[in-house]
Amino acid sequence: MLHIHNLTVSYGQVVALSEVSLEAPRGCVTAVIGANGAGKSTLMRAVAGLIIPKSGQVTFDGSDLVGVATDERVRRGLVLVPEGRSTIAEFTIEENLRLGGLWRSRFHQRESIAGVFDLFPALAKRHKMLASTLSGGERQQLAIGRALMAEPTCLLLDEPSLGLAPLIVQQILELAQQLAIEKNLAILLVEQNAVTALRVARTGIVLNLGEVVLHGPAQQIAANKDLRHAYLGY
Amino acid sequence: MRSRLSSHAFICIGAWLVLMLVNNAIEPLMSYYLALVAMYATAMFGMVILVGLSGQVSLGNGAIMAVGAYVFALSYQHWNAVISMVLAGMAGVVFGLLLGIVGARLRGPYLAGLTLAFAVGIPAIANRFPSILGGEDGLKVPAPNTSIAEVIQAPTYDESSLDQFLTDPSSAGVAPDPTSTVQTFDTSPLDPGSFALEHWQASVAIAVACIVGFVALNLVRGRQGLAWRAVRDDPVAASVVGISPATTKVTAFVVSSLFAALAGGVFAQILSFVGPGAFGLKLSLALLVGVVLGGRTSLVGALIGAVIVVWLPELVGSLGNGWNDQVSNNVPNLVYGLLVVAVVVFAPSGITGLVTQLRSFRQR
Amino acid sequence: MNQFLDFSLGGIANGAVIALMALALVLVWRSSRVVNFAQVGQAMFTTFISLWIYEVSGSWLLALLIAICAGAILGLVVHLLVMKPVRRADASGAIIATFGVLIALQAAAGMIWGGDPKAFVPPVANSGLEFAGRIWPVSWYDLLIFAVTSVLVLALSYVFTRTSFGLAMRASALNPEVARISGVRVSRMLILGWAMAGSVGAIAGVLIAPSATLSPNSFDLLLVFAFTAAVIGGLDSLVGAVAFGVGTGLVLSLVTGYSDASNAPIVSLVLLVVILLMKPDGFFSQSKSRVV
Amino acid sequence: MLELTGVDVTVSGLKILDGVSMKVPAGSITGLIGPNGAGKTTAFNVVSGFVRANSGTVTFKGKSINHVKTHQLAKLGISRTLQAVGLFPTLTVLENVMLGATSRNKAGILSESLALPWVDKEQRVIRQKSVEILRRFTLDSVMDAMPGELPYPTQKKVALARALVSEPDLLLLDEPAGGVGAEEIRELSALLQQLTPECTVLLVEHHMELVMEVCDLIWVLDAGKIIASGTPAQIRSNQDVLTAYLGEAEVS
């Protein structure tokens, strides 16, 4: 589904990502974990097309994404949910959701909104209220809901747990797993919270200082004590 | 580490001495330009503080200059130049306080628009009270006559008195007292009688600019400068560390208005006349253009900006030679406008910023 | 009483033009969070172009259409060459750049067309209508202005609040990155916003020119009034801009009628100060200042 | 040290805090935890003057601070960090930290404008102090760097240094462990324990390991109400807290 091959990103002199390769197949969660500054968010933004990589390839659905703008990637089904619960505070919940799939027909939009409201009943109750009235967890739900409006085939989740209570983190990550299985999505999940992320992922990738240091089944990584100490610090 | 007082005083007194020597050596016409540069620099020091450091884009300082100029002209009808300058400065502080109290609550574009209305509205007041303010014709500011001549007779001048003046908070905090401007006469190698009016105007302008520059240096390079920049960067974080964003923003207005009003008083003397035409939107825009070109956050930038604003019309005016007036009259403004756009786009920190960038580039 | 009525009606007609210019300011604000102080400069420039077309062709409608196109193009040029390259983080830089454009446009117009005021002929009679046995201070031309303003406001309000295009445009202005990752072509939205604002401003310029004279600086006061109206309306609200545009025209007309025209800028200033003291974000503003 | 009594906050019809009463004993490290939207940040903002309580009182050292403005708190001895770090991007690290001591300034703008010698001296003392605290945080090598050039965890450390340079009696920490690595969290934990008892700490945090390790007392907020309080051990075994906030997995 999503293939990343030898991706290198640098900001001026600083190399943020160095020859990163990975793939995210459909139907499961692929977790990218690593400490702060490991380049996780850079990876996500490069895949979404928000930053232009220095070299390397991103292929999606068999076609190369070089030179494809972010909005076009979204239309093709590659959707990012960025760090920090990014919703438009001045919009109502319904407007935020509509925004996620504006180019689709009204009929499809209505259908998808109903789907999102089924998934997040808390949002349905307040669909006419401004997003600024939501709590952090609900805003994260809204951001994911907006991404689902695009009918994605691949979802990029960037630190969905940031600043959320442990219980909500668990719910959100379990939701990611459920979406991957039920809707047959490819989900690339970037997390600092390694324990919970590895619990829901099939494959884990450990990133350190911009390089992939480990790639393997999530359960193995979670069980590897030395590795945990070296890169994940617990 | 040398104290800031002595190093800043050294810079300002040094600049003053050099400029006075230059002033005595040049033609009256050049002296006139020198006076204009010093006058613009005085006002632009305030713009650096208001626009650059505290981040409040204001078009109101031209109007405050009008306030200073009118107060000076009115007061000069009764009292001498020194008292008139003090009154002009005080008027600047009052108006700055009023404008600041309204303006500090506003976000960027709102403030720019409010001060735009201020820049258009204040000069219009002159037309409302023709009996006092002279309407379109304005007020005359007579060239120095006996009252000044008397002061010129004051025999003693020594540098320590200037120093003492500078360190005396009671006299300088509100409005730098331009007594010293008159004293400068005695250092002139020329006989006061043959001293051209332009030279005298320039020496007033230079002295005011140096005193204002001294105060500006102290503020910009001290904690007040840090506080202004902090509030500009992040008002919430500033209040957390104990800086009141509102007070700090108003302070920037007050200080820059004080400078502007003093510049206005000097302008009145240079023009020998105060009228609404000289203080329109154009003047406010010129102040803004100057600091942007020179470098918004730098006092040296303000100096460069002042030179540009005075010299650019002369410089590019000659470009328009051979064309008709319709074209040549508009060349300077076209250049201004395009320059401002180019600087904001390509070098947001102005000429001074460009220089530092080049220097650090070469060091690599 | 009759006098009051006359002043009021005249004021509403002037207000409709202020409203149009305020509308242009709001459009740019909505699409890029910038107050375009060059807006009146652009309008002045396109009005000169349309005057030229009118003198050549003799057709007012053609002159208006050309002005609308020129306005859109000029808006586009200002956006692409000036505002887009200015860093978004540099808020004061954006404001200053618009003033730079204003200065340059006024100088360019002065070079091409000279500084002398020119007259602009209205397409329909601009003299008071006779009705019910008296002459009213409202002309066919004023009615035309009303009609154009109302149609534009209704159309724009519909587009912004009801259509997907409007939602995309608002999203691009409020949070470009979120808009982009939602599949919105943000740069296209910005271009459209500036072009639309340029056209609306151009219409305002052509409409106001007959009741004033046309010179490079003749719209300076209009900028102050339009800004006053847009700000009181909250900068975000189309309806607010129009309502307060008409209101501002009304107040200014009463002030001018009962006292003196030179009081108008002072009254505008006082109005602005009082309103901003009470409501620093204007009325109808959506975006509230956020804490922490 | 700090006490909230019956604090209500209502924003556009929504009750965000509902009769919140809590105490922060002098010399303690007190934690405030709860789900997102429970009102933790609002409670913090009430204490630091960004938000006004509709009713109830906030007292600090026995005096009401209900109507004290944010910028005056530093003078009273209350210092806080911000969730979003809040360093001044155009000021160097040292200048940032020096501003933390603003509340200790005595010089007014008049003496500032003349750069009087005693103003200079005062500034040198503050500078010295700032350098010292940066050294203590092993940040002296980045003293002249701009905050934006530093990694996020380092920025958080600078922000903490800035909050401490005024030597506050009460330190309010808003998610100090958010977005930083395990290594830094260990450092932070050690530092917090060093601070007390001279400085009282109130901590809002989601990182449970840290909260459980350092806190003497924990208050749990849910939907605007205090649902529990006690020592870490008591909180860990409180059934209400488990269902509302921690979830079973976190404890096991």
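Points to keep in mind about this one:
Letters A, B, C and D mark the chains as written, and numbering starts fresh at 1 in each.
The rule we apply is simple: a contact is a pair of C-beta atoms (placed from the backbone, for glycine too) under 8 Å apart; a residue touches a chain by one contact, two chains touch by 3 or more.
Nothing here was measured: the structure is a model prediction, and the numbers come from that model.
Seen from the C-alpha centroid of chain C, the farthest chain centroid is that of D. More C-beta pairs in contact connect the chains of B-C than those of the other pair, out of B-C and B-D. Here the CA centre of chain A is 31 Å from the CA centre of chain D.
Our note on geometry: chain B versus chain D, Cα centroid distance of 43 Å, whole angstroms.
A separation of 47 Å divides the Cα centre of chain C from that of chain D. In chain D, the residues touching two or more other chains are 50, 82-83.
Residue positions of chain C touching 2 or more other chains: 291-292.
The multi-chain contact residues of chain B, meaning those touching 2 or more other chains, are 236. Note for the complex: chain A touches chain C at residues 48, 50, 69-71, 74-75, 79-80, 82, 86-91, 95, 98-103, 146, 149-150. Considering their complex, residues 1, 3-5, 8, 166-167, 169, 172-173, 215, 217-219, 222-224, 226-227, 229-230, 232-234, 236-245, 251, 255 of chain B touch chain D. Every residue of chain C that touches chain B in the complex is listed here, in rising order: 29, 34-35, 37, 81-82, 85-87, 90-97, 99-108, 110-111, 114-115, 220-221, 223-224, 227-228, 231, 235, 260, 262-263, 265-266, 268-269, 272-273, 276-277, 280-282, 289, 291-292. Residues of chain D touching chain A in their complex: 12, 14, 34-38, 83, 151-153, 175, 178-183, 206, 208, 244-247, 249-250. Here chain C touches chain A in the complex through residues 164, 167-168, 170-171, 174-175, 177-186, 286-287, 290, going by the rule given at the top.
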